[in-house]
Every structure is written in C-alpha cells, then in structure tokens.
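Labels run A, B, C and D following the written order; every chain starts at residue 1.
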Amino acid sequence: MTTVSTLAEVRPDEVMTIAASRLLEDGKVMFAGIGQPLVAAALARRRQAPNLTVVLEGGMVGIHLLPGELPASTNEMRAAVGAEMLTSATDIFLLAQRGCFDYGFLGVAQVDAYGNVNTSLIGDPDRPKVRLPGPGGANDIISMCNETVIVTNHEPRRFVERVDWITSPGHLTGGDSRQRSGLLHGGPSWVVTDLALLDFEEESRRMRLRALQPGVTVEQVRRATGFELLVADEVSTLDPVTDDEVRLLRRLNGESDD
Amino acid sequence: MTTVSTLAEVRPDEVMTIAASRLLEDGKVMFAGIGQPLVAAALARRRQAPNLTVVLEGGMVGIHLLPGELPASTNEMRAAVGAEMLTSATDIFLLAQRGCFDYGFLGVAQVDAYGNVNTSLIGDPDRPKVRLPGPGGANDIISMCNETVIVTNHEPRRFVERVDWITSPGHLTGGDSRQRSGLLHGGPSWVVTDLALLDFEEESRRMRLRALQPGVTVEQVRRATGFELLVADEVSTLDPVTDDEVRLLRRLNGESDD
Amino acid sequence: MTTATLPFPGADTLDARLELEGRRRPREPKTMTAEEAIAGFVRDGDVVAVGGTNHARTPMALLVEILRQRRTGLAMSRPLTCYEAELFIATGMADRVVTSWVGIGHGWGLAQVLREYVETGRIDYQEWSHLGLGLRYRAGAMGVPFLPTYSMLGSDLGRRLQLVEATCPYTGQELTAVPSLNPDVALIHVQRADVYGNAQIDGYELMDGDVARAARRLVISTEELVDTDILRRDPARTVIPGFLVDAVVVQPMGAYPHECYGHYLADEEAFTHYMERVRDHGSEGAREYAAELVAHADHDAFLASVAPERLAALRKDAEGMMPQ
Amino acid sequence: MTTATLPFPGADTLDARLELEGRRRPREPKTMTAEEAIAGFVRDGDVVAVGGTNHARTPMALLVEILRQRRTGLAMSRPLTCYEAELFIATGMADRVVTSWVGIGHGWGLAQVLREYVETGRIDYQEWSHLGLGLRYRAGAMGVPFLPTYSMLGSDLGRRLQLVEATCPYTGQELTAVPSLNPDVALIHVQRADVYGNAQIDGYELMDGDVARAARRLVISTEELVDTDILRRDPARTVIPGFLVDAVVVQPMGAYPHECYGHYLADEEAFTHYMERVRDHGSEGAREYAAELVAHADHDAFLASVAPERLAALRKDAEGMMPQ
C-alpha cells in the first residue's frame, strides 16, 4: 500500500475515490449513491472488503458491481440485475432508519464547518441563484446511517462557514445540537477530499484536518477551505495510491480493459 | 328465490349462511373469515355475485373457492393457492384501514344491543370464567371495513344487553358514540341469524328486527334475545331457502358430491 | 388541541377514504385507450403522482396523453423527477412540483427548464426528503393522516415545509410528523395486468405499491394484458390489486423513451434529442419537444416514428441482462 | 410532555437501535445447529417473536430446541397462536403471551391449556388486535417508537393495554398510538436461505418481514440452504436480508408438524395426538407431549420417529397443490 503509483496522470478525483474506498471495512453494509461512492465500493470489494454489502436507494441490496458496467442511476436495470434482494424504495430507507447500514456516502455542492451538506440551491432559498437537484436520498442517509462519509473536491466555494441551505444535516451548529434536534444516530464521520482526510472534533463537532494526501501541505488545505479549519495535533500523510489501485479503479470505470 | 326447499332437514346454520350470502353484491370486496363467512362468499360467487373478491387475513386477495376444499385456516396453503395476490398480514389490514373492503363478516360469542362483539372472554376480565380465542382480525374488520355483517345463532346467552368485554367495537353506547371514539367509518350494518335479519336503528343505533326467517314469529325472536329489541314498523319475511341454494351449500361444504 | 396548516394538500386521508367509499371500483373489465383513461380520470388542478422514478417505468404514454388533452394547474409528484415534469412546467400545465430530486441523468447534469422556472419564482417547488415523500404516500396508503420519522429533522427541508413534530406518547421522543399524501390521480406503468387491473411489477417496485393505495384515482398502463390465471401462478408479485384501479391501458413500450425492467432500456438518443433542444432554446425547446410528442396521434404512432432497429436494440439489451 | 407507561416492553426502538449499532452482524457464514443457535441467541426472560401464524411456518425445530435447553420467564409473541405456546406455558418456561388469537384449529376448538392458565391467573395474557400487533412489529422494523392506527379504538383492548392516543398534529384527529415492539429474539422458518442469512419466503409472508427487521436477535431455520446465486434469480422474493440474521439453521421439515407452503401440509394426526393428551390430562398432557418432543436428540430424530410414508404424503399433497 505504500508503493507510489508510477502511472502517468493520476487524477485528483482518483486519489479521492481511492482514499474513500480504503475507509470501507469488510463485512459491513454501505448505502451507496451513483458515481464516486459506487466506484469506491467496487474498489473496496475487490481489495480489503470482499464481503461489503452495497445498498441502493432504488431498493436494491447486495448488488453486483461489474467492471465497466457500473449503473448510471440508482433506479435502473443495471443496478438491479444480480442483486440479492429487491424491496421498495421506501422500505430501503426504513432499513436505514432501523440502523442497518454502517456507511452512507455523500457528495456535496457545499459543506460547512459542522458537516452540514447543501445539494439544493445556491443563494436565497426564496429565489435561488442556482436550483440544484436536491436531496434525493442524502437527507435520509446522513440522518439515519450509522456514519456518513462525505466525498468532495476541496475548494473554497464548497467548504463554506455556513451552507446556504441545510439539505442534509451534519452536526448542525456543533456540540450536541444534532442530538437536540432529535437526530440521535449517526452523522458525518469523515470528509475525504483530493487534498486531505478530515473528521469532526469530539466536543465542538467542527471539521478538523487529520491527514494529508501525499505532497499536500496544511497551508494548501487551509487555503482551499472557506472557514477556519481545526488541525489535529498530529497530522499524518495518507498512503500514496498504488498502481494496483489506480489500474483497478480505471477498469471499474470502464476506462481501460486490463 | 321463493321456492321453498323441499330437501329434508335444512339446518338452522344453513338457513343463516344462505341468508348472509344473499346480502353480498356482485363486484364487491369481502374480508372473510374461515367457516360460515367463507361458505357464504362461495355461495354468493356461484349465484348473484360471480365477481365478488374474497380477502383473507393471511394476506390472500381474490382466492379460489373450490367445492369441498374450502380452507380450514386463513393462513394455510389451501387458502393461498390460486389467489390473485399475496401480501403481508399487516398490509392486508392496512388495505382495510384505507377503506378498500366493502364487507366484513364476523361470528360472535356475545353481541349486545349496539352490535358490540365479544369473542375474548366470559366473566370478569381480570379472571375470566372462560378464556375465548380473542379478536384475531375481528377488531380490525369491524373498525375498518365499510360495513360489517354479524352472523350468529340467535340465543339469549349470545344476545346480551352489554357484552362482558368489547373485543370488536360496534356502535358502542349508541348514538354517535362510535364516531366520538374516533371510529369514523363502517360499523355493524346487519345481523343475520337462524331466526331473523336485524339492523341498527339510525338514531339510537340499537339493534332492530327487520325481517323474519320463514315460519319464525316476532315473539320467538324476542325470547331468543337477551335485551329489549326494537322492531321495525314493517317486519317482512325472508325468502325461503331454495333447493338450489341448499344443494350448492352442501356441495361447497363437502357434504355432498352432486 | 394544536393543529398546523400545511402549505400543500395533505393529511386528508379521511377525505380520501370518504371519496373511496362514495366511488367504488367494482370488479369489471377496465381496459380502455389512453385517451379515454386520461379524459375520464385526470382533471385540471390535480395532484398527479407519477409512478416509477427517474427514468424507470415512467408512464410516458399516459403523461403524453395528458399533454395532448391539455390540463391546467397540475402538481407533479414524484420522488426522483426526470425531464417528464419539465414538459408540464414548460407548457404551463403544471405550476407545482413535489419531489426530492430533479435531474436528467445520462451525463446531462441539471434540469435546465426546472432551474429556469424555480429561479424566476414561476412555480411552487416543494422539496422533500426521499423517505419523507415515501412516507407521505405510505401514510396515504395506510389510511392515516401522518407518520413519524427521523427524516428531515434538523434540516431546512422540514422548516420550509412547515412540518411539525410528532411526539411519541410513550417516550416523549420528538420526531418529524410527515403528513399523508393521497394524490388526486396516480399513473403507474407495469409489466403485466389483467382486465380488472390486478397488476404485477417485475424488478423494483420503487414506491408504486404505496402510490397505488394512496391515490384517489388510479390509471395503470401495462406492457402486457394477461389472463388472471397468469397472475395466479406468482401472486406474491401482484403489487396492485384490481379494486384500486380505475383504468387499464394496454401499451407495449408504454414507458419509452424511459426504461421498463425486463423489457427495454432507456433510449439515450431520446434524452440527447430533448436536452439539445433545451440547451439551444431553453424552455421553448421543451415546448417544441412536447409539441412533437403530442403531434403523434397516440403512443403507438410515436413508437412508429422511431427506427425499429433502435427499439429492437433496446429490447434486446434489456432481455440480455435478465437473470437466467 | 405527558408520557405513558406501558404494561409491557415496548416503544424502545431507540434502545434496539443502539443494541444493533453495538452488535453488528457482518456478512459471514452463519450456519450452525439448532442447539448452537438457541444456546447462543435465546436467553431467560426474552420476548420471543414466533414467526408464521397459527399452523403456518411455525419454527418448530427451533422452538423444541428451546424446550430442550430450557429457558425461564419467556414471553411468547405471535399474532395467531397455536399449541406451540401451550408447551412453553405448561412447562413453566413462559409466563407471558402477546397475541391476538389463540386456537388449535382442525376442529379442536379452544386452547385448553391456555384457558387453564389464564382463567387461574397464572400467566400474563396480553390481547392485541391483529393489526395492532402487526403495527407493533412494523414500528419496530421502521425504527420508530409508535405508529397511529384506527385499530382498537372504542374497544376494551386498548383500555386494558393502557394504550394512549396519537393526535395528528395537522388535523387534530385522535388515533390509537401503537407502541413499537422489538422482540429480544425472533425465530422464523423459511423455504430457502444462503449461508449469510439472505432468506426467501414462498407464499404468504405474514408478518415475518417486519418481525425480522424488528428483532434484536434473529435465528432463522430453512428448508433448504442454497447458493446466493439462486436468490439472485428472483431477488424480489428475498424477504430477509442477511445483515439482519444471527444464525441460519438448515432444517428440512423444520416446521413439522405444522405446514410449510410448497413443501408439506400440517400433520393433523400430530394435532390429534397432542389434543387427546390435553383432553385426557390437561396441562399435564401438554407437559408429557413436550417431554416426548425433547426426548429426541434433535428435530431430525423427531422426524425419524414418524412413519416415513406419513411425511411423504404430507409433502406430496403440498407439492400437488402448487400452481403449475
């Protein structure tokens, strides 16, 4: 795992997906969305977590993840054929509410210092500048899964002090505010970016830098973050991505045949 | 329908089942229990109501009703094979709660002047003299179906002023008491016995004699009723059971092969 | 007692039940054309629940027939909404959207027409969580005016929707109270049904079992009309009992250009065709596309306008993916 | 805020969830003997949810193994209860019953042992409506502490159970609040499962999908152990996902003498055998019958004690009834 990839042009999104996939433990259950989360799951299944069960919001449980044929939607044939169970879309979220899912994975348009996520709108909620797709399953995932991993490019416009709209609740205003809102479970545990791995400080629940992607400095992360970032006492460096990981990732994405 | 049966020994329970079956209209949906209700349904399906849909508490919808092979339980293979839909036991009652079922049919250990039904216990609820099977689906059926037909032998020990225990709510203490309890739908509409057909007077919601089985007198019905019975201004006489009905009933019950 | 007012129809299961009691749907043949079904069961101002999600089992033939007959003041309700809603917004037939997500997929990104109408404040856009909308349908299906859930707690969704809390009378725990939704009409596309409306869905049911139960009026379209005995062979697959159904429209490829599990994949070329128009002409492009669709006499005429080998390929690919 | 106290465990989904978070059930082979499964997952004082109803898919092999190992202070929870509960009452292992109905069926009338114990006040008997108990499981499965329903309003059931009302915060309507039930352990018999516990039920699911989701611990027995690929051919039939399951016991005819849809009918002779003992000796007869059952080393030994042609006939009759 410590062999630096010698492959030309490892892209930032590849580094991020690989870092996210490494968080997934074997035997667990992951509520995945389309795109990066699903690729991270497929990667983990072929490496450290062959018994990871992947669940989709369309009601699929234990889906097949074939290289080059990952589904383009959580609600389509490719996502369902080969699943171990198909249930209704509502019932899959009720399993989340019961506490059956170890991980949720979310992308964001904005995330704030307390891990609150916005995928709904930019600007004034009454007359948004940009109307975005909305929560889909994200509000439920971060409210109900045992922990939620946020995966996103690290940019100041995404990392903001307060999101314009809380689509999906993180630690709200920090401290025990999430619990006080009635959300007694889960919440964001990790934020994985192309620059770093971050968590949330135990007391304040503010985002905290824990580890850097190889070659990245703390200052770089600070500059890419639009709020005052906590930094752990010891900031480690993540293992560099390996040739094996990158090759496998590209094969899963249908970008190569080897 | 006015030909008197010439068959020897038409039993009181046969007269009652036939009278109940005549209430069932074509195209409707009936929540049936095992025994008399199911036989009444099978009879109606072969006579005036070929498009009657029969539902069972085991989750079966649109069941087959084969002569001599009527199921002995609402939760067994014979009740399920040939059904048009199988769903969960809870979901079948939720369809009742939604308002999908035209008729429920109930038997009773006791029924009172307001159509409250007891199938739970005789005596003191804290230390019953006789512990009976309990509601099964009956509480839900009478609470949720659009109307409920009570079918029972007419005996003073069954027709009591107040039941020992309200297993399944009828019109409670009469008037609008059922509505005031939060039960906004349905309730008992008819009581069919071996002696008579009864309904519930519109204002008081007390049980009222509407029609007599052939050969029965009002006085006979009064004597068989353990509470003061209302009598409609005009009491008619039910059409006598016909040979066809009796023969078909016995064939359905597996008592004859013709 | 304290009661809240909702910004949108809901929590009216009691009325929905009374409507059902007053208008039974007896067991009788219910097959009719899409034209008859829409004329009979879809009215101006309706809350329309659209079956399927995103590009799965979208009841396209029925939706386009609404466009053809024109309705006004519709609300389109669907947990994951695709471009079908944009056709109703752009043509002015819908002024309300109830959803948890809107997107086109297939690499096309944001829904541009919806953006335009929301950002200029021309439609009411009601954003629910996925489970929140799912439980609205479920409450409607169960015949209760609300259900408790953890969904939407702490977020801006519940605040904007003016949702109130449901307090557990045993524990004192406070959860979100989701109000029931009994749509005025639901349109659902299925793989097979009999003349009475007993219907089976293969693959993913999504929310359609609940939508069918919740709906005040229900029109289904089906790939295949089968004898009831076919349904009896696998009754656990019957998701919609006939007594819920008002109309059965037999329409092979009735979800095209969207997909239907086991029958055909979505036609990405059709998405491209639509999105290029929108990219080039904005909502006017969506109106042009809708005009093209309604110019066909019916869905069969629309299908006949597509290259047969393209349709055959979509069917072949879907059939080839099925488990053996 | 006002909170009510329940006369019985319930409305504790929060605790059930914390227990689940603290004890995950990773995907790994979970096959074991009934002896190991009961030893590992059934404890004194448990609320035991028994799968199936009446004489359908009763998890007999697992239940008799509990009798064999002996437990005390059990509560038996099942919507329609048959004689299996009487074995636990008569042997003093269960002192509580949660049900909507108890009866033997097959023309045998009332459950005499249960009558004796209830009428002499020796057990706690909790009578719910059928839907009431179903919604207790469903609330537990949904992870919410209560659900609203019309069930039990106006009757003596809710009054005696000390149920309180759930007020709709939108309409003010008052419904019964049914408290969740997350049984300590559930036992469910299914037609097929893989080593991870992914399980399919043929025919009528009854309440078992909810029971499995609600349970704090879950033991399934299966007629057949199959490769996961077999389940993938018809994934909509998978009612129990493996991540809910603690133990998989492979036990052909595991519901005998009760029925298992598609595999075998109930053995009426066995009912007669039991009921004649009870008729002649009351609850002592039930203890004798239980002693006979536990004298067999395991369920296979019990089956071996039955005339093979009798078992073959039950199987043949069931198979002959299946839709073609």
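Methods note: a contact is a pair of C-beta atoms (placed from the backbone, for glycine too) under 8 Å apart; a residue touches a chain by one contact, two chains touch by 3 or more.
Just so it is clear, the model here is predicted, and its values are computed rather than measured.
Undergrad: Show which chains lie in contact with chain A and also with chain D.
TA: C
Undergrad: Between chain A and chain B, how many steps is the shortest route if every step has to go to a touching chain?
TA: The least step count works out to 2.
Undergrad: Can you work out the whole-Å distance between the CA centroids of chain C and chain D?
TA: Their C-alpha centroids are separated by 37 Å.
Undergrad: Where the centres are mean C-alpha positions, what is the separation of chain B from chain D, in Å?
TA: Taking the mean C-alpha position of each chain, the two centres sit 29 Å apart.
Undergrad: Any idea how many Å lie between the Cα centroids of chain B and chain C?
TA: 39
Undergrad: Which residues does chain C have that touch at least 2 chains other than itself?
TA: 14, 142-144, 149-150, 165, 173, 175, 203, 205, 232, 236, 323 - these are the residues of chain C that touch more than one other chain.
Undergrad: Note the residues in chain A that touch 2 or more other chains, in rising order.
TA: Residues 60, 80, 82, 86-87, 94, 97, 144, 184-185.
Undergrad: For this assembly, give the contact graph shape among line, ring, star, complete and other.
TA: Shape of the chain contacts: other, as it matches none of the listed patterns.
Undergrad: Which residues, counting only chain D, touch chain C once they are in their complex?
TA: Residues 1-6, 10-12, 14, 142-150, 164-173, 175, 177, 179, 202-203, 205, 232-234, 236-237, 323-324.
Undergrad: Quick check: in the complex, which residue numbers of chain D touch chain B?
TA: Chain D reaches chain B through residues 52-56, 79-80, 99-103, 105-106, 110-111, 114-115, 118-121, 125, 127, 129-132, 134-135, 137-138, 149-157, 160, 165, 173-176, 203-207, 209-210, 259, 261-262, 265-266, 318, 321-323.
Undergrad: If we count contacts the way the header does, which residues on chain B are in touch with chain C in the complex?
TA: 26-29, 51-53, 60-62, 64, 80, 82-87, 94-95, 97-100, 102, 144, 146, 184-185
Undergrad: Which of the residues in chain A end up touching chain C in this complex?
TA: 57-60, 72-78, 80-82, 86-90, 93-94, 96-97, 120, 125-137, 139-140, 143-144, 165-169, 172, 177-178, 181-185
Undergrad: Considering the complex alone, what residue numbers of chain D touch chain A?
TA: Residue positions touching the partner: 13-14, 16-17, 20-21, 24, 26-28, 141-144, 198, 213, 228, 231-232, 235-236, 238, 241-244.
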